[in-house]
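Shared between the two complexes below is subunit A, which pairs with subunit B and subunit C, respectively.
This part shows the complex of A and B:
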């Protein structure tokens, strides 16, 4: 579109320069600084000079190993039982000042399993909380991405009907999107309350008191699920609107042709609507995944990572270290790990959903 | 026969509306609950949450909670800070990002394709991945203010504004929109001897109302709802925005009535704004989904 004849370098730089410089300084530069800091022991404020520590931050965060232990046997060779379970040697003996296993020093048990036989395998991590944060974040993304995309599509199809007053419903479904996630999280804290929360009262009423009150955010088995449900509630309208704009790009003549041919509703969806939404689907999946990996405010307002680290997330850990403990290097290393995860996943998604020729 | 099918149609229509209304209730009940609770004393608020009264303005209704919220925290300061930071950022963002979009689409200059590609690549960087190094950076940047040179941007307005003025998405939205404008018009104006500034001001801007509205709304939502960044860079209450100000309501015993009043106070203006400009809000979100 730009003229091929006149070159105006000065104008181009003058007009684009300010925005380009700001993005270079406040987006691109910090991105590279994250890599740099992650190889140092940088702190926010420190009297000591910053030193290079190589991969130490990453080893500290990602160090995982396994140890297989045989049960304790008494003199006759029988397995010593305790509370009906075989007894195993103490892990602490291995991880605390054990001259034979300096590689295990400081590690803690993450989980253990038994692959048949008497021996038990322990998975040890240098930073158990961070491991839990990674797992929780993946659970969050793996549930939120398909459920939110699917519900949003359902809502979009519902709103795409020709009905009187449909715009009012569209406006209402979209409403939570414009409300701050901080406000939403606080509201839901009261809804999820273990004693007099709205949710417990509702469940009690419809089950005639059969369902006892649950402390939704205070129970490790329900806390993450509660945050997932609320997060979907808040953001589903956003993606409904993107699906809607995708729906509106599908030519109405296709639907008319289908009606003449006598296609069933399912056939219309399968052969006209869904193929027409392909690009929208790819975009929505990538956007939801990226947003979901950034999970922070809900955690900070509702649970602070608890109970028992059941709602720790990668970003929450990055902020807790980088800001809370002023450990810039550790926070930066987590940021880099997060970036590598997000980049790999969006590349995989792009590859899986590529145009097949 | 005809009668039965007419009845069926009526029934089907009623079911459709019933489904729509049911879903609407799911999306709206927490907000109604917030508004109604903000008018009730704490004790009644908790009692009412056991039944439908939670969603009705009944009982001991007053604005007492709002009054007490102002007593507890410098609410006016928080609101002023939010409005200032959001307003300045939106205005500067529209100016600089539209100028950049203009240069990328209409002006022929060396390096523009490379630079545009780099800007678009930043779209895959979630803010969370740069927040910590950015915090380190701004904590050590110099600033020239009324009282001379100082080091470190923490606890200021500019630390909340400058990093967010320009972003890849806003530039990208302007580029997409400008590409669809009639380029011949700009060519012709150039031939006629119009300056770039005149072209931007007299030709492009009048044709670009919708994209300015879109960019403004998106930036407004991001800025007003900011939480993580101001939480880290403003320890002094004098610079804190409304979302961070919420923390004042959780010291010692939580007074839910006051919390609800504060939440309503900072949310209702945005909701009113949204309902008033509903079509523009929804169109701006939809435009982020249009792939180039």
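This part shows the complex of A and C:
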């Protein structure tokens, strides 16, 4: 049964051995443990024996249902109005201690909408915080992936020129990548400070005091945007370097030929640079997407998921539950859900960017 | 021959006890990085090691932020020391998890200790503190005079109406950025420690302490809803800020940004040096009596210790007034006994911080004594932050109750 792979590669296996062992111990094993724990009620600290609970953790995290309510009507059948809006029966009476709807016990309103008519549909979730975390994470990924990749390409094109002192610019753009994300987050917390932060002072100065100070991280409508902007800035240099390496693999003869043919700058980019960067683009898109799904440190340092859950993310919730609330099983279930999400998206990306033959 | 046997056995016994004299006890402490605290604990250990020949305590210090994680990791690895220090509200969790064993010391030695220093779980003493901490409503006498406010006392604290009127007067005067500094910048344990006494003064609680099996009615009952509305009103009414710059928390009162500050005894000397007329008022009474939080770091014995009697001997040794006084002088905390307080200039009768000792002995309520507190504290913190940021009070408290109850159920009632 000894194949060439196992025998002739003995030296190879020997060299790969330490890395394989470490990866097996610290990546592969925890990965399978997370799967296992997510079907149990494993705690971080507990004298109780671990029990199998089946899909209970997943049901708790992902349970969503809808309830459609008719507005409250008075005796004459007219809709009772309150503050100019029709009044609806209290959801609290429906979801709490209600023997008629045991299926709704413990559920909370996630959001509500009205499809014309008087009735209003409420979307209830068993774990609203986790739902918000999923939505926030997707918003983060959808904005960060294209914007960061685009900016990084722009920077890479700028520094891919033979100019005096270009290395200074390369170093400057790359610098935020070298600094620890925790330090960067602490600094940006000061920049975003609601009273005397650098950003507020800057905006006040250029607008001659027209723009009032904004509590960037303390306001639910600006907190996630602030973290997105800061995250893009922090990692853009890293992807710039990858783009740069891609740019430098494109043969200069192609550019020389284009110059002889009299191609415009746009034509050069469109027909030489961009096709030459194909594989780099696929790599960068996948790397950014995966990194963006792992958003954690910025949240932990800057907002702790607040205000009003506007910056909750999947990984932050996994760690908050697993360690903060000692619920290893819940944290593991979140990790598994994240794994499934990232895997599906990577597969879709691979399929969309496949070599069309 | 007989003579020889006796001599030999005596020699063996002497050798045995000499060997025993080398018995080492390991100890973990959370004070790494604090030089003064480190020096005090080292002196205590040196004194203990020199005072007897049976035990030798060896110290390992951790930074406070990493301490709890280290204990949990140590316990999972079966590698705990003999003597642990533990934050009071965490103790039931560790005792329940089997990290700690009951502390066998002479009860008479701790008879006059402050209530918040005794860590009792399931009717047994597990940990004991050399000090406690207390919170007060910090303001200046000149502020009270200027706003024409009655000085509240322990017997006659402010009522909710008086407190609101005081905040209104401070706001109307326009002299301060905000009337009240609650310390919103101190996320984490500060929220349940400093703010759950308000809820308890309203008549609610984080969890129903009669059974510890549900939070229903305690955290979302009428009293809790009243508390929640009041709490939200502090922020919507412009009395306090929901997000605070940590620098404002540390220096805002001294810089004159706040009329009142809800802060602990550890910050009291700083306030006094900024304004000599600083006064430390008792908390307002919202209906169920004025309350503050109790319990600070305490010493206990790990469950895996092979020499619990040695660990207990060390802890008993540490309970002497001179060490209580030394720690108080060094790091500013309230000595656990009245006799030790008399040895500390700040806390002796008539001392500038003596009121804190009084509040601690008369108003302190320990946080819920349950292994589930660790989770409940997190849930409570998030609920208060959300309400401060404008979330619906009833829905938020309901959600908190559901989460706490689900956790209690998941843990089989936490052994209550």
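Methods note: the second predicted complex is superposed on the first by the 339 of 357 C-alpha atoms of A that agree within 3 Å, B and C clash if a C-alpha of one lies under 4 Å from a C-alpha of the other, contacts with A are read in each partner's own complex, and residues count from 1 in each chain.
Everything that follows uses one rule, which is that contacts are C-beta pairs under 8 Å (C-beta built on N, C-alpha and C of every residue); 3 or more make two chains touch, one makes a residue touch a chain.
Just so it is clear, the model here is predicted, and its values are computed rather than measured.
Q: Quick one: subunit B and subunit C on subunit A, clash or fit?
A: Once both complexes are aligned on subunit A, subunit B and subunit C clash.
Q: Examine A:275 and indicate which partner it touches, taking first as subunit B and second as subunit C; both and neither are also allowed.
A: neither
Q: Under the stated touch criterion, which partner chain does A:108 make contact with: subunit B (first), subunit C (second), both, or neither?
A: The answer is second: A:108 touches subunit C but not subunit B.
Q: Please indicate which partner A:128 is in contact with in the superposed arrangement: first for subunit B, second for subunit C, both, or neither.
A: In the superposed model, A:128 contacts subunit C only, not subunit B.
Q: Once the structures are superposed on A, label A:325 by its partner contacts, choosing first (subunit B), second (subunit C), both or neither.
A: After superposing on A, A:325 lies in contact with subunit C but is clear of subunit B.
Q: Is subunit A touched at more residues by subunit B or by subunit C?
A: Per-residue touch count on subunit A favours B.
Q: Touching A:170 in the superposition: subunit B (first), subunit C (second), both, neither?
A: It touches subunit B, and subunit C stays clear.
Q: Looking at A:194 after the superposition, I want to know if it touches subunit B, subunit C, both of them or none. Which is it: first, second, both, neither?
A: A:194 contacts subunit C only, not subunit B.
Q: A:44 contacts which: subunit B (first), subunit C (second), both, neither?
A: A:44 sits against subunit B and subunit C alike.
Q: Give one of first, second, both or neither to describe whether A:89 is in contact with subunit B, with subunit C, with both, or with none.
A: Touch partners of A:89: none, neither subunit B nor subunit C.
Q: Does subunit B (first) or subunit C (second) touch A:155, or do both, or does neither?
A: first
Q: After fitting the two complexes on their shared chain A, where does subunit C collide with subunit B, if the options are 22-30, 58-66, 130-138 or 220-228?
A: Of the candidate stretches of subunit C, subunit B runs into 58-66.
Q: With the touch criterion stated at the top, can you tell me which subunit A residues are shared between the subunit B interface and the subunit C interface?
A: In the superposed arrangement, which is not itself an observed complex, subunit A uses residues 44-45, 196, 323 for both subunit B and subunit C.
Q: Considering only the defined contacts, which subunit A positions touch subunit C in the complex?
A: Spelled out, the residues of subunit A in touch with subunit C are 41, 43-48, 60, 92, 96, 106, 108-109, 128, 193-196, 215, 217-218, 220, 304-309, 320, 323-327.
Q: For the complex, give me every residue of subunit C touching subunit A.
A: Against subunit A, subunit C makes touches at 69, 72, 75, 93-94, 96-99, 187, 242-243, 245, 248, 374-375, 378-379, 382, 385-386, 389-391, 394-395, 398-399, 402, 406-407, 410-412, 415.
Q: Along subunit B, where are the residues that touch subunit A in the complex?
A: 13, 16-17, 19-20, 23-24, 26-31, 33-34, 46-47, 49-51, 54, 96-97, 99-100, 102-110, 112, 115, 118-119, 122, 124-137, 139, 162-168, 171, 179, 183, 187, 190, 196, 200, 221, 224-225, 227-228, 231-232, 243, 246, 256, 259, 263, 266-267, 270-271, 274-275, 278, 281-282, 285-291
Q: Under the stated contact criterion, what part of subunit A meets subunit B in this complex?
A: Checking each residue of subunit A against subunit B gives 1-4, 6-16, 18-20, 22-23, 26-31, 33-34, 37, 42, 44-45, 155, 158, 161, 163, 166-167, 169-184, 186-188, 190-191, 196-198, 201, 233, 237-238, 241-242, 244-246, 279-280, 283-284, 290-291, 293-294, 296-297, 300, 315, 318-319, 321-323, 328, 331-332, 334-336, 338-339, 342-343, 346.
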